[in-house]
Every structure is written in structure tokens, then in C-alpha cells.
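Report on the following structure.
The letters A, B, C, D, E and F name the chains in turn, as written, and every chain counts its residues from 1.
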Amino acid sequence: MKENKFAPVTGTMMPRYAGVATLMRLPYMALTDNGIGDVDIGLIGVPWDGGTTNRPGARHGPRQVRDISTMVRNVNRSSNINPFELCNCADLGDAPVNPVDLIDSLNRIAGFYDEVCRLGIAPLSVGGDHLVTLPIMRGLAKDRPIGMVHFDAHTDTWNRYFGDNAYTHGTPFRRAIEEGLLDPKRTVQIGIRGALYNDSENDWGERQGIRVIDIDEFHAMGIEAVIQEARRVVGDGPTYVTFDVDALDPVFAPGTGTPEIGGLTTLEAQHLIRGLQGLNLVGGDVVEVSPPFDPSGNTALVGATLMFEILCVLAESVRRRKHR
Amino acid sequence: MKENKFAPVTGTMMPRYAGVATLMRLPYMALTDNGIGDVDIGLIGVPWDGGTTNRPGARHGPRQVRDISTMVRNVNRSSNINPFELCNCADLGDAPVNPVDLIDSLNRIAGFYDEVCRLGIAPLSVGGDHLVTLPIMRGLAKDRPIGMVHFDAHTDTWNRYFGDNAYTHGTPFRRAIEEGLLDPKRTVQIGIRGALYNDSENDWGERQGIRVIDIDEFHAMGIEAVIQEARRVVGDGPTYVTFDVDALDPVFAPGTGTPEIGGLTTLEAQHLIRGLQGLNLVGGDVVEVSPPFDPSGNTALVGATLMFEILCVLAESVRRRKHR
Amino acid sequence: MKENKFAPVTGTMMPRYAGVATLMRLPYMALTDNGIGDVDIGLIGVPWDGGTTNRPGARHGPRQVRDISTMVRNVNRSSNINPFELCNCADLGDAPVNPVDLIDSLNRIAGFYDEVCRLGIAPLSVGGDHLVTLPIMRGLAKDRPIGMVHFDAHTDTWNRYFGDNAYTHGTPFRRAIEEGLLDPKRTVQIGIRGALYNDSENDWGERQGIRVIDIDEFHAMGIEAVIQEARRVVGDGPTYVTFDVDALDPVFAPGTGTPEIGGLTTLEAQHLIRGLQGLNLVGGDVVEVSPPFDPSGNTALVGATLMFEILCVLAESVRRRKHR
Amino acid sequence: MKENKFAPVTGTMMPRYAGVATLMRLPYMALTDNGIGDVDIGLIGVPWDGGTTNRPGARHGPRQVRDISTMVRNVNRSSNINPFELCNCADLGDAPVNPVDLIDSLNRIAGFYDEVCRLGIAPLSVGGDHLVTLPIMRGLAKDRPIGMVHFDAHTDTWNRYFGDNAYTHGTPFRRAIEEGLLDPKRTVQIGIRGALYNDSENDWGERQGIRVIDIDEFHAMGIEAVIQEARRVVGDGPTYVTFDVDALDPVFAPGTGTPEIGGLTTLEAQHLIRGLQGLNLVGGDVVEVSPPFDPSGNTALVGATLMFEILCVLAESVRRRKHR
Amino acid sequence: MKENKFAPVTGTMMPRYAGVATLMRLPYMALTDNGIGDVDIGLIGVPWDGGTTNRPGARHGPRQVRDISTMVRNVNRSSNINPFELCNCADLGDAPVNPVDLIDSLNRIAGFYDEVCRLGIAPLSVGGDHLVTLPIMRGLAKDRPIGMVHFDAHTDTWNRYFGDNAYTHGTPFRRAIEEGLLDPKRTVQIGIRGALYNDSENDWGERQGIRVIDIDEFHAMGIEAVIQEARRVVGDGPTYVTFDVDALDPVFAPGTGTPEIGGLTTLEAQHLIRGLQGLNLVGGDVVEVSPPFDPSGNTALVGATLMFEILCVLAESVRRRKHR
Amino acid sequence: MKENKFAPVTGTMMPRYAGVATLMRLPYMALTDNGIGDVDIGLIGVPWDGGTTNRPGARHGPRQVRDISTMVRNVNRSSNINPFELCNCADLGDAPVNPVDLIDSLNRIAGFYDEVCRLGIAPLSVGGDHLVTLPIMRGLAKDRPIGMVHFDAHTDTWNRYFGDNAYTHGTPFRRAIEEGLLDPKRTVQIGIRGALYNDSENDWGERQGIRVIDIDEFHAMGIEAVIQEARRVVGDGPTYVTFDVDALDPVFAPGTGTPEIGGLTTLEAQHLIRGLQGLNLVGGDVVEVSPPFDPSGNTALVGATLMFEILCVLAESVRRRKHR
């Protein structure tokens, strides 16, 4: 049985809008704090958008998600999972970043996640733009390539930008595959859509073996078949879940840098994530929440709630591994 | 045939954005005005959110719904009902409230609805937070418990808050059942979702006999089956309709205090309400419209349009009773 | 093979947010410029809302759509159409208008489109309120009536307003039919909904032979059947596509003058437009984008993306005619 | 002593945000109501912006000013004037307008004010764009030209627009002078600024005798000298006060169609209006409040408060005339 | 010399937008934490607006001020004071509150401040509505009445509301005087303005000896004379500083419940607070920051910066007392 | 006499909100276009914010300023300067940038301005963050150091960031002095304010000879003395004007990355810029307009109007040099 100190502060004692805002009202712990070894799952912000080629702002995502995540409660009504009963969870603060230096930022972030993994903590992160998943994987997958369930409007497997720039929020998974961090044959991308620059841009990933389920195929298959296909692709190897909020239709997530109409609903997203229960999950993230482009704040609410959905399946997986 | 004076001012003579804003452009009448006895259905605001435990603002709901309700027209295209032909409708203004005194507010509101009922007027209200439904029922159901069709993300049947507070917008229906105002066996709750504080919090209502159709069951059953089940539960006894706008997904109703993603669409809500035609309806309300949290104003438009949908089925019921 | 100069500037060389904003980053050309004769399809703004009876602002639509349309890319992922390969496309700027004179505006706009058609350019326009479609048709259909696929919440076939005003954004298609510009028997209206002023107001159009598919019938038929019915109605004669963004649910397009809840999703809209491929299309428009009522800017993104969808089917049609 | 029924409802009995919103919480009366003869000062909305050449939206001004004016209280702390003790005040609703017909609107508005004046009621209006002051003057000044204290960034004495349009919100006072409604020699314009189209555009008014105090002269003279100069210009003849909110710096009044930076502060505006006490005032207005361009609503608060300031000096003048 | 651990995290190492947001990036400490005895000044939120009679939302003030206060730096450029060198400062979190129970909230807050004072910590708080200053004073002034420098648009010395309610955000200082917490003869109120309900409402406070400097007298005296007068009134006894952001003009602080135009500028406010240097200050607060009414967030920036200004003069005073 | 083609399109022929938006409605010309040699002053956007350490968004400044600058007119009412009569002005589009590569961006921008200067065009730019002024100076001042009138809340003469980053928007003028582009002895900084990280951070610039007039000294001196001091400092050598909008109080320019309360008013800014008439000006810019942080758009209006003010004094200077 988990200890009380790693549970969220309840809203019937301290109102949800009150207090210093941590992710899901969990205790804040630095990597150097006493007791860090008790943490099973670390919730982490990566406040950086230096890989963004169009509209910046995702660096502000962690702050706003912390704020709104104080509305999250404990038990998933659909799956009955209470992640805080299954695992010790804490807010580990933000990974270090450098807003004016891309390469330095990738190194700082990778170093932080390297230490998180060394401590045996499974990371659940909130971005930041999608390039942050690359240094997270550098920390998380340095021993062997991992599989991935990837929700997004874009494949993020482009090669170069502006002539010779290898690192942007459009390239992380090409780099991850090249670096041996990500196994393309155990990777599935769901929700891909939007116009293309040219007919062949999307080929590289599929040629490596990525299973791309674009929005048309998603609707043709139906949600249950998509879940089964995703489970088949990643199998029972270690698997990461990454959720770019632009996978959702912009009405659900206007606060993002590259919105594309015609996307997933939040209800579909919740079902898809719940469908990952029982997989061998090693971490996850929600990225591209960009508060400056969302006057209503709903994107952050969506991001926080999807983090909770991922937390539920991740906690179940972490707990299972611990008691194996 | 109803008199002209109780019909909305038409938009082809006075533009919809012009004039003093009353609910659906109906004439304003005080309870003490001559001719109040001719009114069949009273549209009423309850500008109070003193039961709100998180984000306040629903006290401003009636004002903004009055404004935007001037865009409502006369005939329901789907059902062909023109409520203004069936019943004499008027805006009765706002119920009296006290923003700094919870108990005093409950008493003032109950007194107002007591008088409304004494005058033989069926009330259709706009809140206000959901606690306002309790004093409305104290006025409306003092003779016998009534049934209820309840649209909401939350069951609102919690018991105590902050140690010993019995009255919040999370407790109205527990109190109503305890006070004998609401018959739990003739109550159905639709759209319930969102994480829970603990596994057992939702049990009380179901143990009393409330039929809870949460969002997963809603989608599993399909909308027609849900309508039939709701009709079966409430039967032909006197029935109240309460619509908390957080039953809707937050993209449709961002202006509310406790949004939960993955909710109903407005189209589903319209179909559900239309499905209540023919029941023995005695009143209804739309609550938790909170303008400060909605920069676009769409929540108020949704609230006003759902009021019109409820008005259509309510007017049909009131008319039927009068000519029985 | 089309010339490069008529292609959008690519976002991997100039960031999408940079540069002078033209529609889809196409070259701007005036009707009097050298080389205008090479243009196949002209993208045109009509910044005018003088026919608006309720909330103005659509005059600002073209400016904001130009801004956000710089996020559009080249190839339709679903249909594989690259319109810029099929046709020479250019931004022809805004049609001339007079914000304080309705009749003068109709004349100026009609004159502009008359010249566009004389130059053999197929127009794809962005309004402006829906009355602008009337002068567009005066330029486009003066030789023979055309058919129309019309997406809207409203039929826009009213007769008079405020006693004796014949021209408002609620009357364009009644006038177009009366003027012999529009063939009602080859006209289909999709997405109609919202309450009516009275039971008979909607009759005129249907009596002329318009096929009205309201939102209830739309859902009853299913999207594929609706597409087939629309294709059957317009046949292979010259056909215009007009998309009023209030056909969409207000959550997708809050920035519009007369929102009605319970509307189409953008995904449905995309499928519907793609379903028009192969028809004999002569032009199209997207109207009623009203930026002042949309704090998030999503309406303009939707408008720009739907323009791209129409452009794809229009370009395919124009190309086919040219090579016939 | 005035009757109670014409006093605002107090905020210590009904909260300021509650109830049907009328101007300053005064009773609403139609021109045809019994007892209309008791009204001394009529507060009136003119919801029309058909003369606007750039950004529309002022038609929504009266509705939003009604809403926010419920925050106004009774006694002017600086002057100790309680206008509701001095005069019987009522909200007379909105003047009739036609949003798609400029000339028809001018006629409808003039007819309404003609009747107001015939009833012996002094009008205090809220626009609407500045062209509405012309038909107000047609009702108010048909017997003899009146003087005017005019606060504005622009002189509004242009001649023609778009070739041949005589009526826009840039021309009302040229027309009023030509029609003999306004005495240019008894007219003072304060706050004029902003760049010009050409060097001579501003000459016409001054050639007629208007005293123009532009923003530079305003600051050079100091506020007391400006007040004295304004009083000297209008003398003791019948005088109208018109306040275009763009006289203020846009930070105070962002919700307006033609903002110009470097304007008056609200504090300066309050002092200027208070400086008119004792003049022979016959009416006034606040115009160009355009809610769609003000996300914060402050413009309406400013407009409502300046209406109250004008009401204080107007009431004092009306009372004085009545008891002369 | 103060210890490093009580200094803000520098923005050149961790970007200002990153990390868990505490007030001025100070360490968070609970009252029960080890080392609490080292704290000289405690920054505290009071997230409660249950005394608000009009527009609620100030309960969200502490959260947003925490967020934006991460932009504050260390050294006051004007006074050269570095408060973090002078005193050990920490964020003590939020005082306990109960959003549905006014009396319970007053008791919880008072208890918290009682403990803060018992620990020898000088409190600098952020509200919350102005009623929160009453329980703060119950903790802070239970031994003897204190003096007060009070910036506000309103005197907040009303008596009863809605018949018999003694506690609202309009009554705290009447109650504080009655309870012997506040010495009216050592109280000065600056910035008072706005219309009154009646001529005599403002008398009570002045009759008790409060020195009221309304906005007209403020401008007549000039800022230096006002400072001298304020210093004269409070003398060298223990003094509290309370800053209601509605003392400022609403353009500087739109996010507040009861805005009144014609108020102070932030520059004036900064000078006024700096003018308090050398007084015997025992605590202070900034209240009525209401984020839902401020789409730009400037009110919170103003609130955070004014907290820093008060912190500078408070730290200087606390330090002086410690070394006396 | 200048040619007509370089004048803004007039708003009495094409409404201000219509047409493709170029800076001040001037013709767009690429550096490679025929006729570029006729241009005297080039208006240029630099859409880049890669030097921003806190809140990004200034990359969107040029687009929004283009939009709102269509409201600018021709003749400065105060100085009577019509810049379009004095010089040929054109919109030269945006300088090339790379959003994911800081050094590459500096090189691209410098190359562009090098070419602009080679063509004999005086540049008037709109940023972008303040680091863009460095590469502008690399193009503009490569032959000899220039003087500068610098309006800002910050000195922007810091040294390193995040350990070892030499280029941020806080360092441009330290680098420019080090590179011999900027003569510190002919540099004046006006409006400096806000808290400091430590007491000595501001020393470097003053030690180089920069004349710093902080906000307190600004108010102590008075605006006329500040103008004279600025003129004395820069003398008659070639001088650049740079206006960071955070020099203004945040109420005038909320849309900026690092707002500091207590700043300049726009009126003061206008007077200060007008006071530069007659200097030997070689270029200027307005920077740090960040649209995502300004829901009202006023910052862009302010930015566009101040560009016009700078254009007036720059055009007068350019004309004078040409006719010397």
C-alpha cells in the first residue's frame, strides 16, 4: 500500500484553486531530496519550445498545466484505477532548459532524464514542443530501442529544415530512429492528417516500418480496431506513449502551435489511451500545449486530463513490473 | 389562442441586438404586476453562486443568457412546436438572492418560487450554480416528491464539504431527497463522468434508487435507448428537468465552474431534451453558465438554446394539462 | 505543368508566420497586371458585411483568413490533389466595396467579378457576409443560371426585411433565383437548422424546387447518402459551392454573425466537400467569417482550410475543362 | 421633490449584477406608456453603426452599456449632485433603426427624437456610431441651431466618402451645420488628434467658426483654461454635449472603431464634463462604444460613467430651467 | 547577512517561466516545517472572495500572482533596497479558507495569522477580497490597535448589507475599528472616489477620525504632500499597509470586482509606497486581484510588483526592528 | 516631388480594413525588383524572437503591425510632416530568419540589411525581439560606429546568459559596442526602470559612457529637458532610433515579453520622438511587439503609430541629406 504523502491534496479540505500549484497536487521533490528513492512515477515539466518553426508558446505549457491539473481527482471512473494507490507519484519540477540555445537544452534535458531513470523513476512529462521527446528518449532508451504509441496530426519524421537544421519539433522521431532509441517497427502513429508539402514527404517513416494510421483510416477502422492494431504493433516490449495535443481537433486544443482541423475528439483520445492498459509502458508525455494561443484555457485542462489517463495505465504497468 | 403580448418581439422589426434584453425578448413582469395571473410559464433568473466550491461566476449567468437569448426564434424546426402559441410566457426577472449569505439566499429563493407556484406558473429558470435547484424544488415540490431528468457531469449527491457544510453545488440532490422533495426512484442522471475522489463516493445516490447513466453507458446504449430509459424511470408523474451545462463537453460550454472533458455534444443534448416530449413536466432549469470563464460567449448561447428546447417540451406539457 | 511562380512560398524556407500575408502565400496580382491571363483560379476577398442584420464583422474576414491561410500546405492528404500543380492560382486582392452604401457595393463587386470571368478566371472567394454571393453570381452566371451546393444553417431565401429591404444576408438566393442566376432545381442546401420565426418561412425555396437537407435529415441519411443526393441534384451542369461557416457548429466557428448550435463538424464538412470531386465546378466561396467574435482565431483557420478543400475540387474541375 | 419610482434600484437590496439590465437601473418606459409625461430626462440607446467606414460594432454599444451601467451609483462625489433627486429619469429603450438601410435609419431615429422632444424630455443617448448624433439633432434642434461641446479625436466634418456618400460617421457635423441644426460659432471640439489624409482636410470646420482645441493645445492650455474657453464659446444658449469615446486614449477605450493613441485620460474627461456645470444644456450623448473590440469591457464602464457625469450636469440644467 | 536559501531563484539560471510557481520564486515552507523560525517575512495567499457583493473571482488572485510574480527581480532601482538581503523571506502558502462558509473562513484565516504572528513572522499577503484584511488584523493586532495606510477607491467602512449582514468586502474597517484592531485616528485612506449611494454614507469613518484623501484632494495636494500627510497620520506606531487594486485606474487593474474610473496610476502607487520607507510597518497586503476579469493578466503583474514595493519598505522596517 | 506610387492607398477609396496588408499600405517591393533604386526609406519586418529568454511571440509582431498599420494616415498633425511627400517609401517585406538557429538568423538578417544599405535605402524596421537590432547595425554601421536614441525599460547591455550565451535580447548593445558598431558616448537610454538582479548590473553601460535616463530622472527632468539632453548626447553624427515597446507602461503595450509597470505614456513617447526632428537619422526600429500577449491589439496600434512618428523625423532627415 502506498504512503499517504504521495497522494494529491484533497479538494474537500483545500479548495482546488488554492495553494502552490504542483502537478495533480502531488508533493514537489527535487532529484536531490531525501526520499526521492521512494518515488515510482515522476511528473515532470519540460518548459521549452526552441524547436518550434511556427508559433512558439509551448514553453509555458508546464506552468499552466500545473495550475489546471489541480482540478484532477483520484479514481478513473471507467477503469477504476487509482494511480496514487498503485504507485508513489511526485512532481519533480521542470527539467533544466536554455531558451536561447537548442543544443545546450537537448543536453540539459537528456541529463535530467538520465538521472530520473537511474533513480528507477518512470517519467510522465508535459512539454514543451515535441522536440523534447528526443532528449527524454536519450535518457530513457539508451540501453535499447523502445516502442511508441504516438498520437499526433503530424508524423514528426522530417529530415532537415531551413537547409541544414537537424533538430526541430518536426524531426524528433527521425533522429530517435537514427540514434537507435526508437524501434520503428514497434511504432504506431495515430491521427495523422493535414495537407502535405509534397507527395513523398510522409514516406520515410513508413519505409522504416512505422505503422501510420491517418485520420481517414482511423475512422474507417473504428476505435476498437485501432486499439488492437496499436497493441499488436508495440507488443509486449517496453513502450512509450506520446500525445501531441494537435492530434485533437483544434476546438478541443486551440492552444497549440500547428493546429489542423478535422482531428480526434477528447472522448476518442480517452478511449484510445485506456485501450493501452496492460502494455509494458515505461513513460509518456503530453506535448505542444501552448497557453498563449488559448484564451479559454481548455487546452491545458485537456492536457492535464490526458496526463491523468496516461498516468492510470502507466501506474498499472509500473506496479505490475514491481510485483512481478 | 395565446395573446400577442406574451410573444417575443420579432427580429425583423427590431434588430436582435437592440432593446432592453429580456429572456427570449418576452415581456418583463413582476410577481406583483397586474395580469401576472395570465402567465403560464415564467422564465426566471437565479443569479447566485454561493454554493460553488471552486470557480465562481455563475451568478452572472442570467444576465448574459438574457443578452444572448434575444437571438432565439419562435418555432422548433424539429418538433414544430411554437411554445409561444401554446402558452403565455413572460420574463419574471431574477429571484431575490444575497451574495454574502447562503442560508438567507436559499430562503429568499424558495420564497420566490413558492409564490410562483401559488400563482400557477410553471418555472423555467437559469442559474446560478446547481445549489439553486434545491430552493426551487422547495417551492415546487412541497406537496409531493417529484421525478427528475438530470443532465450533468456530476451526480451532485455528495454529503458534506469542508467538515460540516451541508449546502454546496455538489449536494443539492442529496438534500432534496432527504427533504422529501425528490423521488430518487423517479430520478435519472445522464452524462456523469470525470474522475472520483474515491471508489465509493458515487454509491449513495444509486443506493437510494437513482438511475445513473454515465457517459460510457450513454455511448454504449445509444441515444434512443437512453431516452426510452429516462422516460421509463420518470414515468408519468410530475417531473423536473435540470440541465447543468457541464454535462456538455467543455468545448461547447467552457464557461462553467467544473468542466470535465469527454462530455455530451449540443446536438446530443438537443435530441435528449426533445425526447422528453409528452412527459408530465412541471418545470426546468439550465444552470452553471459562468460567463467569466467563456471569452467567446458560446456557453450562454448554448444555455439559451437549451432553455428554448426545454421550453418547447414544457409548454407542450403545460398546455396539455390545462386542456385536460 | 504549371509555372512555379503560382505556387505557395514553402514554409521550410520562409517561416509560415513571416512575410506579407496573401491567400495561401500565393503571388498577389491585380486584374490589370501583366500576366493576369495566365491565372486559372483567382482567390479573392470580399470585405463587406453591409447586408448583416445582427452582428457585423465579416468585413474583416478576408484580412484574417489571409493571415492564417499562410499555414495551408500543398497536397490534400486524402485526395492526393495538389491544386497548385493543376492550375495557376493567384491572390487577386479584394473586390472593391463601399462600407456605407449597399447598392453601390453590390455594383462594385459585380463589376469586379464580371471582369474576373471575362478574363477566364474561376473565382474562389472569401467573404464578407452571405449577401456577397449575389453580386458574385451576377458576374459569374449572367449567361445562364447555375447550380449550387450550399452549406449553411439558414436557407437565406427570405424575402423582405424591415418592411421593404430586399437585400440582406438572409435574402441572396431568393434574389438570385428571381434574377435567373441560380437554378433552384439544381440547388441543394445542407445543414439547415435553428428555430424559425414561423412555420411557413422555409417554404418558398422548397416550392421553387430547392432540395433542403436539414441537420436532422443529414444525420438520418448519413454523409455518403448526402453526398450522392447533392451530386444527383446538381448533375453535370455548371455548379457553384458556397460555404457559410455557420453551417458548422459554433464551437468550430464561433466567429460568425448568426451562430446556431447543433451544426456540422469540420470533419463532416471536409468529407462533404471532397465528395464534390468530379462535378463541373465554376467557383466557390467561404463566407461569414467574423473575426471580432472569435478570440481564438479558429474560425479563420477553419475558413482557410475549407477554402483549400474547395480549391482542390475546383482545380481538378478547372483542369479537366481546360484539357477537354 | 422627485418620485421614488424614477430612482435606480439600490445595490444593497438587489445585487448590481442581478435583474433585467436597464440604463442605470432606471425604470423602462416606452414613449406610449402612461406617465411618460412625468419624465424629465430620457436615457436612450441608438444601436446603429451603419455610418462606420472602418470597424463596425458600435451597434452593440447600448446593450453592453446597459449591462455595465448597473454599477453606477447615485451621488457624484465631486459635485455632490444627485441627478435622480433633481429630475425624473427613465430608460426609454432604443430608438428604432434599420441595420441595412442608412437613410431609413436616419429617418426612424429622427422621428423618435422628434417625439421625445415633443414630450418635453431631454435626451441623454448612447450610440451607436457618431452619425447618430445627426438625426438626434434633427429632432432636438429643428427650431434653432444649438451649440455643442464636442469631445473627439476627429472633427467629423468631412464632406464626401467613396466619391459621393454624404453620410458617414466622419461627416455628421458638416451636415448638421449645412442643415442649420448646429451653430459652428458656438461649437468647440476638444481632443482632436491623429494623422491627417492631407494638410487642408481640417480647414472647413474652422472656416465656419468652430473652435478646435487639438490635443497639443489642450495640454498647452491646461484643463482649467480649456473649460473656460469651452464655456466662452458656447455661452448661455442651448448646448449639446457629445462624447466620442475615441477622444480618450485607446487604453481607456479600446472598444471603438477608430482609435488614436495619445488621447485624453478618463480623469481629464471627468473634469472637463464637470466643468460644464451651469451651462444651458439640452441633451447629450456618448458614442462609438464598440464592444467587439474590447475584451475587458472597460470601454463600456467608461461610457456608462461618463454618461453619469453628463447626466449630473444635464440634470442640474434641466432642473434649473424647470424652476426658472 | 541572510542565508541564500531564502533568496529568489535567479532568472539567468532557471527561466522565469519555468518551475513550480511560488511567490517571487521564494522557497515554500509550511508553518510546521523545520526552520520556519528563521523566516522574517512570510508571503501568504488568502484565496477567498466570500465577502464580495458584486463580481467574484478574487479567490483566484493568489494563484495568478504566484505565477506572474516569478518575473520580479531583487533590487529596487529607486530605493536600492534588496529585501532579500535584509530579511529571510519565504512563501508560506495559502491561508486555509472555506468557500461556502463566511464565518468559518474568517476563523480559519484568523487562526493562521495568529500562528504566523506567534512565530514572529511579519505577513505580506495577497487576496482575496478586502474582507480578508479583517481576520489578518485579528491575528496581527490582537494586543493593540494598529495604524493603517489604505489605498482604495472605496472606504470599506459601510455597516450592513442586505438588511443584516455585517461582513462583506465593504465593511472590514468598520468592524476592525469596532473590534479595537484598528486605530481610526492613525488611519489614512488614499484614492477614494466613485459615486455614492447617498450623501452621508462616507461620514462614519471620518467621524471616527479617519483621514480620507479622495482622488480630488490627492491631485490638489500633489503626491509629496500626500506622502507627508500619510506619515503624519500614522506616526511611528505599528502600521499596516493595505492596497486594494481598485485604487488604481481600471486600465491598470481591470481584473477587479468593483472598478471605478479616474484612479491612480501605477507610477503614483509606486511613489506612494516608496514614500512609506522608515515607518514602523508590521505587515501589508494587496487585495482584490480578480483574474477572471482580466484577459491580459496585467492586474496580476501590477499586484505582484506592488507586493514587491511593499516588501521593500516592510523589509527595511523589520530589519530595523531586529537590530534595534 | 515624390511619385504617387510610393504613397499609401487612401482610405476614402479602399476601406482601411481591405486589401492585402502592407506596412502603412505602401507598395511591396523585393530587393531584387526593378525600381528598388528609387526607394529612399524601406519599411521592413524582422519576424524573429530567438533571443527571448522569457515569453516569446515577438516573431509575430511584423504580421500584426502590417495589419493594423493600414489605419495610419499621411500627415503628422503636430509637425505637419508628410513623410510620403518627402521620401519614396516602400514595404520591403520581411528580412530572412531561421526560427531554430540563432547564429544563422543573425547572419541572414545582417546580410539583408547589408544589401538594403548598399542600395542606399534607410531602414525603418519592426521586430522581432530586441536582439534583431544587432544584425541591423551590422548592416548599417559597418563603416563607423553610430549614435543611438534608445527607448526601453531595460538597458539591454547584459553580458552572458545561462552561463555562456552571448546573444540574447538582453545583450545586443553590449555586443554592438564591443563590435564597434555603436558609440556608447553618443548613446542615450530613456525610460529605464524595473527591479535589478543585483546592484552592479547596470554599471557596464554607464562605464562605457552611455547616458542613462531612468524613469525617475525622466520625471524629475521633464520631457523638454530630456529631449535636449538626448540631442546633446547624440549630436549631429549619424544616429539610430530604437524603440522597445516595453519602454511604455504595460497598459499601453501589454503585448510584450518583459513588461515593467510605471512606464512612459504613448503621448510622452510621441513627444520624445518628435523632439528628434533635425537630427542626422540613419534608421530606426520598433521592437518587442508580441501579439500573443495582447488580446486587444492595442500594442500593435501603438507600434504602428510610433513607426509613423519615427518615419516622419527620419524622412525629414533623409530628405535633408539628399538635398544637401
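We adopt the following convention: a residue touches a chain if its C-beta (ideal position, glycine included) is under 8 Å from a C-beta of that chain, and two chains touch if they have at least 3 such contacts.
Since the model is a prediction, treat every value here as computed from it, not as a measurement.
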| item | value |
| --- | --- |
| Chain labels contacting chain B and also chain C | A, D |
| Touching both chain C and chain E (chains) | A, B, D, F |
| Copy pair chain D, chain E: interface residue numbering same or different (half cut) | different |
| Repeat of the C-D interface, chosen from B-C, A-E or B-E (over half of contact pairs identical by residue number) | B-E |
| Relative to chain A, chain with the most remote C-alpha centre | D |
| Approximate Å spacing (C-alpha centroids) for the pair chain A, chain C | 39 |
| Chain C residues counted as touching two or more neighbouring chains | 15, 17, 53-55, 59-60, 99, 161-162, 251, 293, 295-296 |
| Category of the chain touch graph - line, ring, star, complete, other | other |
| Chain pairs in mutual contact under the definition given at the outset | A-B, A-C, A-E, A-F, B-C, B-D, B-E, C-D, C-F, D-E, D-F, E-F |
| Interfacial residue positions of chain F with respect to chain A in the complex | 49-57, 59-60, 98-102, 104, 161-162, 165, 167-168, 292-293, 295 |
| Contact set on chain B toward chain D in their complex | 14-15, 17-22, 28, 45, 47, 59-60, 62-63, 66-67, 91, 93-94, 96-97, 99, 295 |
| Touching residues on chain C, where the partner in the complex is chain B | 53-55, 161-162, 192-199, 202, 214-216, 219, 249-251, 254, 258-263, 293-296 |
| Of chain A, residues touching chain B in the complex | 10-13, 15-17, 71-78, 80, 82, 251-252, 265-267, 270, 295-298, 301-302, 305, 308 |
